[in-house]
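These are the structures in question, set out in turn.
Presented sequentially are two complexes of chain A, the first with chain B as partner and the second with chain C.
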Partner chain A sequence: MARTFFPTEKYGTKPATFSLLPFRFMRLNSKELLVNEAGEFLFAPSGTVQDLAEGSVPINSELYLDLKAKHFLYDEASSPLFDLLATKIRTKFDHINGGTKLHIFVVTLRCEHSCDYCQVSRQLTTRGEFDMTPATADRAIEMMMDSPSPAVTLEFQGGEPLLAFDMIQYIVPRAKRLAKERGKLLDVVLCTNLACITDEILSYLRDERIKVSTSLDGPAFLHNRNRPRRGGDSYEKAIEGIQRCREVLGHEGVAALMTTTAASLEHVTEIIDEYVRQDFHSIFLRPISPYGFAIRTRHRTGYEMDKFVEFYKKGLDHILEINRGGYRLAEVYSQILLTKILTPHSTYYVDMQSPAGGAWNVLVYNYDGDVYASDESRMLAEMKDWTFRLGNVHRDSRASVFTGEPALKMFEASCNQALAGCSDCAFQSYCGADPVYHYATQGDMYGHRPTSGFCTRNMSVLKHLFSRIEENDRDVMRIFWSWITGSAPRTEAALCD
Partner chain B sequence: MGPASSPAQATEIALVQFDRALFSEEVVLKGCYWLARDFICEIATADSASIQVTIKPRQSSSVEALPFAKETLIQSVSDFALREKIDAKTSGIRDLLLAKAFSEAGVLEDAPTGTFGDKIEQENPQGMFKILGSC
Partner chain C sequence: MRLTTTGSPSHPFGSVVGILATEDSGRKERAREIRLVAPGEALTASNLAGYRGLLFCNDGPESRSTPLIQRLRESDHLKDGDIVVMEGATGLVRSLYRPRERHHHLFVTERCNSNCLMCSQPPKDRDDIEALTVRNHAIIDLIDQPPSYLTITGGEPTLLGDHLFGLVSHLKAKMPDTEVHILTNGRTFAWPVFTRRFAELDHPNISLGVPLYADIPGVHDYVVQAVGAFDQTIAGLHQAARNGIRVEIRVVLHKQTLPRLLKLAEFIYRNLTFAEHVALMGLEYTGYTPLNIEELWIDPFDYRDQLEAAVEFLAIRNMNVSIYNHQLCVLKPSMWSFAKRSISDWKNAYLPACEGCSALEECGGFFQWAVRKHSAHIHPIEADRVREILNVSA
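Let's look at the complex of A and B:
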């Protein structure tokens, strides 16, 4: 039976005028994309922003109601609902709440791989002087626990951290004890290539509830090309290690990350298919990092960011096709951005935040006690550039690390709200600032957006995702939402229920 | 009068003039900024009423791309002028919103001065403020 409603006039008089709320805009696909301070967006017909500026949007139009509902304007009949909008803005900035959450411990620089793209100047496997000492570890644990964050993540990196397994065994119980004393939640993650994994180590990881993150660059021919080691069996070791981890730690106990080298660019579908073959349900299409040792070898591994963007777009299409076929596979970078675009929330992904995640949300404790703003900062130091060395655990406190000159200089270039090219950008709420990347690639922490690889990548990926959202394809949107919520894509039948 | 684009005086440059009554120096600079990857923009005072931009291709770009660059600049400067208008109407309320958002987040050492509540809603007994406040 058809429902009838009172005419809208019954619920109140039409306002005579309206006022604007702050927003940014850009042109996309012959429309105007408007985004407010809380990251809420609206696709509007071309000419809408001009009409808003002139106060000539028809008050009795559907567009007016949409603009009002999404906080682009207010009128005498609505009031601006400042409290609600301020709460939404605060939610969008939740990542700055609580202090540094991710703490990376570089327990050794030793590694038995010799990857061209490695960002670290790896050392021979027998050289103990590149290992963290117990005294340094004690001080680093203290500094980690001095963070006001109620939950911290301790991540072991290297080199290959399993070559210093005794140091991991030294750090974990001490960190757990101190976390308990300070009332903090503690997560522990081990980043390893799995080549040195043993039953003893696996039992230890299971007993201590340590999660594993490993590298998988694609099928054997590509992985072994990207990640050479004696014997040429990096892929075989990684796959065997993943299987053993799953047997002992459970299927979700191990995650994998890939790096896109020049050799990877032509093989995006093969890389994705490899992740499906290995029964992973997420893949992060990551460009190579232009830091540290990778700079020396960039003639072999590097490429223009435009090529990566094409790689990403082709990969995303293939991933969507796989999801349509019934296999759940999320692309992690898209998942992060879609969460920012389609929900009120921010994310804790430190490479895409404003203020930049370096130091605010991640600190790196190097084997020698030096403290860096991010993993990438430490990699610059491997190239004898100590711009982002914030201090040393033996000489500094958390307070002095955060108030020292290196940190203050970096913080000045850490907010995209105040950067040329970013301050007017419609994507500001979803994007971030990266002073370390821009210093490494352009020699300037502030960066030059028109020539920035960071801006090229994020602008292109965001435009691509917004184009897909604007198309409003039912299948694509249910897949996007399944990535955000972590659930299986809902079937057509479920959508109809 | 809007931006006036004159025919290129030479084959390797493009000229665009912006009426100062409509376009500030700031918005012209912002428009030129985004062309900087492929073009060099020289900005000069043509006369008291206009700003002149000379666009030259960099080595990485081609002369054939100049008409597109000119069109892009005109659109871009017009959009920045629009943003300037929006900003003039909303910057006060933006400051207020951000101050309110962060003053209640516990991240400021000193609370900002002023009243940040939604006065209309606070005074309305059936208003959204009361509904949210009782949650």
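Let's look at the complex of A and C:
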């Protein structure tokens, strides 16, 4: 063998034909964007898909090799490495591994805010019919721990859950005890407007290692307009609460979320600047949910989705500018989508999954024991529509919740692989299905893609991100990757060669 | 640096492995030692009794029992504590393990199932496995201070089959904290049974260094001169990962591998995300490389942009990436922090063009053989510039 070398032709044997592996495509920026089952993509010259269909891509052209390396096709010259492709697809679907991870406990519907866009809250101050009882809590904890997932997150929502702080104190130790018994990891998150936070509560959160998620809609004028409360001081309360949380829980102990109302649309840069001013390093540009009171107050809070898309694009530019200036600020929705596009990994964001996150990855236990597929589902129920009520903790088991009529109906419309308009969409691997949204906005869980706000938003955002990826600007890509990895961006060394 | 010398065996004997000693030692130690007798040392028979072997710089006494090699051509390189082998058939004395060095190897076979265009250690089709396995077990037995790192290399170590498992088990028992790195083409790991057995050895600190030369089979198979090698290596890497075996990917940069280097980086990220390290390595002008130089040579200066793009691609994805065997003066300054001094102590050298360079300490220098073939752009770097670059990348 030694010292005898064979020419390249012996190894790069030219196959007579090739076979296609599953992929979807779209035209974008006068190219064709091809995406395979594992979410790997390729920008190819216009006409490539037709050449592939006709079997006329020149074998051993660079394009052919690229298509082969990325699992768009295979030929008899080498193994198709199906095992490898299977591993990649399995990795991409890791979010359905294990079972329901997020468990939302609605401990009360009472709230001292009266936000226009809120779906559920009640203006009562005394304990009563809108509070969770210990018996209901016990059953909900049981059902949460019946999830096969080795790690579960318990999230307190409301109303304002701090108005039922005693119920939180009732639930946390019981959930922890049961988690220990079942060998599960348990995370606890509290969603609160922080208006009623006290030192006693803060010490409790610190001792129990409970993370805080709060609302910050922007600067004072906007936040207070979006989130009215008696005294008109929601913003001041939130900011003060954030400071106190940081003092006691540490800087990372509190996160903030914003909701975009019609009033927000003109103020995206001010909203973002407010997040920087408050020293947050991520911001989630979120459209308003078309549920609950938001639908009734549409004339005040609602808007067409393309307005939101403009808001998002302008916001993203501003955020990139802030990052270029050296301040790390991630836009969470982009970060999630970029992770889906650019990495081999799965993401665990329940509102953008296929199968849809409802029940598979999130269950909501309402104050009255009713179990819902998602936070949005129970908001529909507050409007007297119980389509997505999957059961009740007092009458049902995890199994009966998953096999009941409402769940089965919902599951049928939960896979974008099998939805008209999604099944052949190039973005399918990155997108999700949302039967609750489509039911709420279009009266049909399957939905009609051309007029769907969900589709408008995600198509636009994904096209926008893909355009940035195709531009391949070095700074932008470094910033995107810093969001994905959570590392500081590699800075351009100030060196010339 | 010298690793071998020869002399005249006193009588026929096989291979003897022992620890080199230049001074008298106790009876117990002598059983593991080979005594090197310097010129002019006056020694009695009892001074020489009980050693595993004897080396004489000048003429030695008659010996029919203890293996003895006399009239050594060189002996200055032999130091106390070195593990050496004396070959009775040829009079060869080879240093196998030198405790004071940073890089340690167990050389397990010259056989290989690939025949890479740029192999630095061209394979020989000769069954050396049994003999080398015995020698390597002897070395492991004789190492008193376990090193931090130990590389198992060949040839292709997996061709040892059960013998490889035996060596790994021995290392696990003797020096479990030593980080063992096996340089393998990974093809054998495509067999699930082999890989499972390897994993079941459960060595706590072991990893594989596996070369990959392209994201497509044609190029990789041509470089390693073996049809089907790419498919086997990829399957092998996945079997390894599935069994919890840590892997490193090694890419040698040359005319065949550079055109698709960035695409290879993408392939590694997408398909071999589990790789704990990616090493991008300069060509070694030794072994087969001079024979195939036309097919291989690109001046590193001319591919520095491609190298930077690939490193950057992997680094922003949080992949652990390093550059081996490159001189700092032919790398882009942004790449300095990725360049590792990877050249073995005894292999490394500098050129006349390096004189006056202020980055010698940070630079990997050259393989000795690179003196004959190196970038046309080697040049000294001024101290101010070195400081500036190091400050920025710090």
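Everything that follows uses one rule, which is that the second predicted complex is superposed on the first by the 478 of 497 C-alpha atoms of A that agree within 3 Å, B and C clash if a C-alpha of one lies under 4 Å from a C-alpha of the other, contacts with A are read in each partner's own complex, and residues count from 1 in each chain.
Convention: a residue touches a chain if its C-beta (ideal position, glycine included) is under 8 Å from a C-beta of that chain, and two chains touch if they have at least 3 such contacts.
This structure is a prediction, so every number in the text was calculated from the model and none was measured.
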First, second, both or neither for A:Arg3, with chain B first and chain C second: second
Touching partner for A:Pro344 - first (chain B), second (chain C), both, neither: second
First (chain B), second (chain C), both or neither touched by A:Met477: second
First, second, both or neither for A:Glu37, with chain B first and chain C second: first
Touching partner for A:Asp368 - first (chain B), second (chain C), both, neither: neither
Which of chain B and chain C A:Leu81 touches, first, second, both or neither: both
Doubly contacted residues of chain A, that is, touched by chain B and again by chain C: 79, 81, 83-84, 87
Residues of chain B defined as touching chain A within the complex: 30, 33-37, 75, 79-80, 82-83, 85-87, 89-91, 93-94, 96-98, 100-102, 104-107, 116-118, 120-121, 127-129, 132
Complex contact set, residues of chain A against chain B: 19-27, 37, 49-50, 52-53, 79-87, 89-90, 93, 96-97, 420-421, 424, 448-451
Touching residues on chain C, where the partner in the complex is chain A: 115, 117, 122-125, 215-219, 221-222, 225, 227-228, 230-231, 234-235, 238, 260, 263, 267, 269-271, 273, 288, 291-292, 312, 315-318, 332-334, 388-389, 392-393
Residue numbers on chain A that touch chain C, as the complex places them: 1-3, 5-6, 8, 10-13, 38, 40, 60, 65-66, 68-70, 77-79, 81, 83-84, 87-88, 343-345, 477-478, 481-482, 484-485, 487, 489-490, 493-495, 497
